[in-house]
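Common to both upcoming complexes is subunit A, partnered first by subunit B, then by subunit C.
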Partner chain A sequence: MLKQVRRTFLLIKTMKILKIITAKFAKNDRIGYALVMPYIVHFCLFIAFPFGFCFVLLFHKWDIVSEMQWVGAGNFYHIFQDKLFFKAIRNTFTFLLVHIPLQIGIALFLAEMLNQKIKFRGFFRSVYFMPVVVSGVVITILWDQLYAQDTGVINMIFVQLGLPKMPWLTSPYLAMPSIAIMATWKNVGIYVVLFLVGLQNVPKQLYEAADLEGASHWYKFSRITLPMINPTMLMVVILSTINGFNLFIEPYVMTGGGPMNSTLSAVLYIYNQGFYFYHMGYAATLGFCFAAIVFLVVFLQRKLVEQKPLD
Partner chain B sequence: MKKVIFYLSLLVWTILFIYPFLWMLSATIRPEQEIGGFNIIPSQITFESYAQVFAKIPIVRAFFNSLFVALTVTTGTLFLCSMIGYAIGRLQFLGRDIIFYLVLITMMLPLQIILIPLYILMVKLSWVNSYYSLIVPWTVSAIAIVMLRQYFQSIPRALIDAARIDGCSELRIIFHIVWPISVPALITVGIITFMTTWNEVLWPLIVIREHNLMTMPQLVTIFAVGGQAESLLGVQLAAATLLALPVIIAYTFFQKYFIESMATSGLK
Partner chain C sequence: MKNTLFLPTTFLLLFAACTSDTREAPQSITYWSANNQYEIDLAKVVVAEWNQQHPDFPVQHQPIPEGQSSEEVILAAVVGKNAPDVYSNMWPGDVQLYARARVLMPLNQFADFDSVMQARNSAETLREARSLDGNTYQIAWKTNPIMMIYNSKMLRQNGFDHPPATYSEFIEQAKVITADLDGDGYTDRYMSLLDIRVTWWQRFFDFYTFYIAASGGKMLMQDGKIIFDNPSAVAVFRFLRFLFEKGYCPLEKAQGRVDAFLSERVATRFTGPWEIKHAEKFKPEGFEYDFAPVPVPDDFAGPRYTYGDIKSIVMFKTRQKSQKVWQFVKFLISQKNDYRLLELTTQLPVRKNILQDSLFQNYFVKNPALAVFAKQAEFIRGTDLSAGLKEIFDAISQEYEASVVYGAKSAEEAVKDAAQRARLILK
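Now for the complex of A and B:
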């Protein structure tokens, strides 16, 4: 009897304490939690769960329909012998090697031009930006025709200039660079705008001081402009790299990864393994490895491009 | 003289960016055998290519699918991410910073790692071949949260406190006080979200297999790749033009907003 009374008493007491705590807690925090609830749900369901499940897939063989099959490190063992995996990495680097310098060169050139005192700056800027807003599918279908070997406009211009017709998309050596050129044409507008903002933020006094000393154009560009827009440069390099590893629709529509797998990109290979062959475990492992490579490359680029601020 | 050369070179670049689009447009309104060559003035105008596109694929349906999906995702993102951004930026609660760090980390998460498991989740939820898979996972976006949070933090504290004293609920504060003065940020987030959703191809290709549910870019892709266009160039290009047209029209009217929004996010 006594025990029971005591127990009820204790229960009431703890409930009181709990009530005080929750009341205090709730007053300040309840609204905040309610408002971020969508994020927490979204995060758990669409980010944390897939991310966690990726680690399950890494060690399994699975075609969704039948039972999952434990293969241990089999997927990783397979990947290191997979010629196409390394081919996709090499192709991506080929893409980046053409894409990044071209992108930076053209974007910086156009931004420099637009940074002068000119009329119609807004017009030129919006023209250069136009391909950015148009879907990659459109650009790819269009350039597929422009690149055509016999009827394509580009080869016609080449013939007019007395140059031989180039097998833009049919040669394993040229196909990936061709895609990189097209991607540059599509994306350069963003980087023109980014560089333009960067250039406009360079203090005018620096140039005036250099002019007083009689510095050459090149000197001003290499010693003032380039260091000052270094953060923009880093951003352009990183964004282009991520774009390169996400390359999908261009090879998918134009070449299907060919000729001789020379345009097989990282995402296209994941897509083929996952949704053509239904090798879910292997495709997830590929995704994991590619993601690790993206991180590594971006990290190295940071170290390489990032400079200490000028004194 | 120097000026002439300067403007001339700008003009050359302009042609380089505009000419392909004009070429595409002209190729779609001329007879099939005339396509090719750089002449962009057709000798005779025919809409045969467009007629074939409309006859072969449900492109109008796809247009409305895309519009529905993109509008829903954009509206959802604006509402949800405003709430989340406001909570993270303007409210105090236990674990707020942890959530903000989570948002920042998810911004860096590469697509490759999520792709396959997310598809499997869609299969398990039986959201394959349904609008849900195109909408629900994309209504909360880390970039949108970060951008809105940043903008909301610049709003004077006195304004929000005054509303609170007047007895406004936090939801009312967000949508009646904060929203009207955050129009630039909302436009930016809106355009980015709409454009990414509208132009997305990979995800629809994975989760949608039924022709009637396909988004416009996906349908055009399948049309061009799948051999339905019977390697008729004019027809493929007509489909592509139909896909590009709404965006280009919107762009010509709101180019300033487009450029500012898409460049600030560094998005494609």
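Now for the complex of A and C:
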């Protein structure tokens, strides 16, 4: 009974506070706040709260079920002794080194082709985009079968051509490049579309003027096309870098981080720490440091790639 | 004014309704089983009988909700304070984590615990289930002993009338069985198949099984201390490395779309009794197979142990009356329900003298393949009770991959490094 009275009293008190708050806003403001409310709720629940909680975890040891234990800077100190994390970072950079140039090269080449007046242009544009909309897990399982050493289609073709069977996913040297090739195949469609938009915005008169001067294809590409699509290039580099840093599904499904940790990406390592071993505090700290690295790399890329647009 | 107050009032009333804590403790027990069809059927039969006998305290059965793994689902349920009263598919390696978090009921607090368990299990099994704090939080319920399945026809056709029992015999047979059948320069048939993935739990079915067999039933730890840096572990690493080095096992991840054993690409595999139903369903015509214990070092003598892949029953600390829940747990592990477990799921109950028990004998006469596993079940080991067990297995798996699969390290070095890392984890 006392509990019920107390609850009602609390309810009335809260309503009074809410009444004061709501009275402060003009009617028009209230509509505005109501409209942005879904976003604010989403932001609070899925961005602000996890971010704040992550900050708390940085200084704690927590296995999800037990009480949190304060460890101060212990998690940060542990990172410097964790060779596997640095290996995971190195692996991620190896992936990026193969993935980004390959992605940009192929996407630009395909966009250039699809920008020409060719037959079935619409069809090809859709086909290249198709892998982007297919689930990453499905594509990974498909490529896992293609890469199989004894029974995979790729090695069967190799044998038909008189080439040796390759240990695509079981060689520590080949596994990460193999994953990078697959990731490129999956994502290239989206970058083709971006480059296509960039290419279509290059003024035609620049090419006409170059034609009058007798410029070669390469000259036009290097002196007109590339500088003109520089903002698109910057966007593609940054997007593919951020996507590359998020490498997770592919090694998780295909290799589990092996062989010899050669495909252990930073995100996979953080996931393992958090959800296999329940080192939530340490995983949060790794995530925090990794985010700082991503930020630094993207910042440097922006400085290096961005150029002043042509007049 | 009315409009101004309408929304906050509704919100608050809803909130108050949702957070109300005036509910009484429920008069029913929630029981989660594994979510495979066989165990769901078993749970339905058991629960129906219990509810008939105890209408005042019924059990509500629910298969564990779908998730990436049952371990993750249970963890989420515990964190969300939504754990069931009884759960019957607990991996023993996780028990210590929950015991440390004080969410599990110490079962030895019940007055009749010792008498009930001593009637069902051997002293060895009971000791294995006991945590380091002296309490018992789990009951080893079912086991799937890992054994070697072999293609008896293939071995016979190649001149071997019995399966390999020792490392030397295994290698001797591997030399003949492993072959390039079509002459294209690539091996078409292998002696065995071992998973090369580095995922920690894969090591239960290769290194750990072989280690238990080679050491005569030793586990990774004794009295909370790491003891696996011994000659048995080194011998296992060396033997398995030899299989990969000589190409008797393919250096390839097992592909789900082809069953390498039933398609006669490999002559042996290391697996549990679940393989019987699968093999019976999918084996090609004329295919013959049998089971045998895992090979051991040549100089080994004594009973041949194996990894038991045990799953346990636990009671979570809920608002439920624990005595009543305990009554249900006792009912679940009764002789009659243990028999139902065997009959409906073809999984072996962890029960002593099962082969001599008249209730079970008829079943084994009708199902001789499972009788082999029942015999093996007398010599099984589970996993150590340590909250760091996954990490320890991960350390072993890393070294296994480096040494056994890729030969980048010697067996001695790999075992030593794994043990050193395991000791650090325990610290």
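As a convention for this text, the second predicted complex is superposed on the first by the 283 of 311 C-alpha atoms of A that agree within 3 Å, B and C clash if a C-alpha of one lies under 4 Å from a C-alpha of the other, contacts with A are read in each partner's own complex, and residues count from 1 in each chain.
Heads up, the rule we're going with is that a residue touches a chain if its C-beta (ideal position, glycine included) is under 8 Å from a C-beta of that chain, and two chains touch if they have at least 3 such contacts.
Remember, it's a predicted structure, so these values are computed and weren't measured experimentally.
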Between subunit B and subunit C, point out the one touching more subunit A residues.
-> B
Classify the contacts of A:Val132 with the two partner chains as first (subunit B alone), second (subunit C alone), both, or neither.
-> first
Does subunit B (first) or subunit C (second) touch A:Leu239, or do both, or does neither?
-> first
Using the touch definition from the top, say if A:Phe275 reaches subunit B (first), subunit C (second), both or neither.
-> both
Examine A:Gln149 and indicate which partner it touches, taking first as subunit B and second as subunit C; both and neither are also allowed.
-> second
What is the contact status of A:Ala284 with respect to subunit B (first) and subunit C (second): first, second, both, or neither?
-> first
Check whether A:Ile249 is in contact with subunit B, with subunit C, with both or with neither, and answer first, second, both or neither.
-> first
Thinking of the overlay built on chain A, is A:Phe85 touched by subunit B (first), by subunit C (second), by both, or by neither?
-> neither
Looking at the overlay, what does A:Ile64 touch: subunit B (first), subunit C (second), both, or neither?
-> both
Those residues of subunit A which subunit B touches in one complex and subunit C touches in the other = 64, 145, 148, 151, 256, 275
Under the touch definition given earlier, write down the residues of subunit A that touch subunit B in their complex.
-> 25, 28-29, 31-33, 35-36, 38-40, 42-43, 45-47, 49-51, 53-54, 57, 64, 110, 113, 116, 118, 122, 124-138, 141-143, 145-146, 148, 151-153, 156-157, 185-187, 189-190, 193-194, 197, 235, 239, 242-243, 245-246, 248-249, 252-253, 256, 266-267, 270-271, 274-275, 280, 283-284, 286-288, 290-291, 294-295
Using the touch definition up top, name the residues of subunit A that touch subunit C in the complex.
-> 3, 7, 11, 14-15, 18-19, 22-23, 63-66, 144-145, 148-151, 159, 165, 167, 169-170, 172, 255-261, 272, 275-278
Would you pull the subunit C residues touching subunit A in the complex into a rising list?
-> 4-5, 8-9, 12-13, 16, 22, 72, 75, 78-79, 97-98, 100-101, 103, 184, 186, 196-200, 250-253, 255, 257-258, 387, 390-391, 394, 398, 401-402, 405-406, 408
Residues of subunit B touching subunit A in their complex?
-> 6-7, 9-10, 13-14, 16-18, 20-21, 23-24, 27, 35-38, 80, 83-84, 86-88, 91-94, 96, 99, 102-103, 106, 109-121, 123, 136-137, 139-140, 145, 170, 195, 198-199, 201-202, 205-206, 217, 220-221, 224-225, 233, 236-237, 239-241, 243-244, 247-248, 251, 255-256, 258-259, 262-263, 266-268
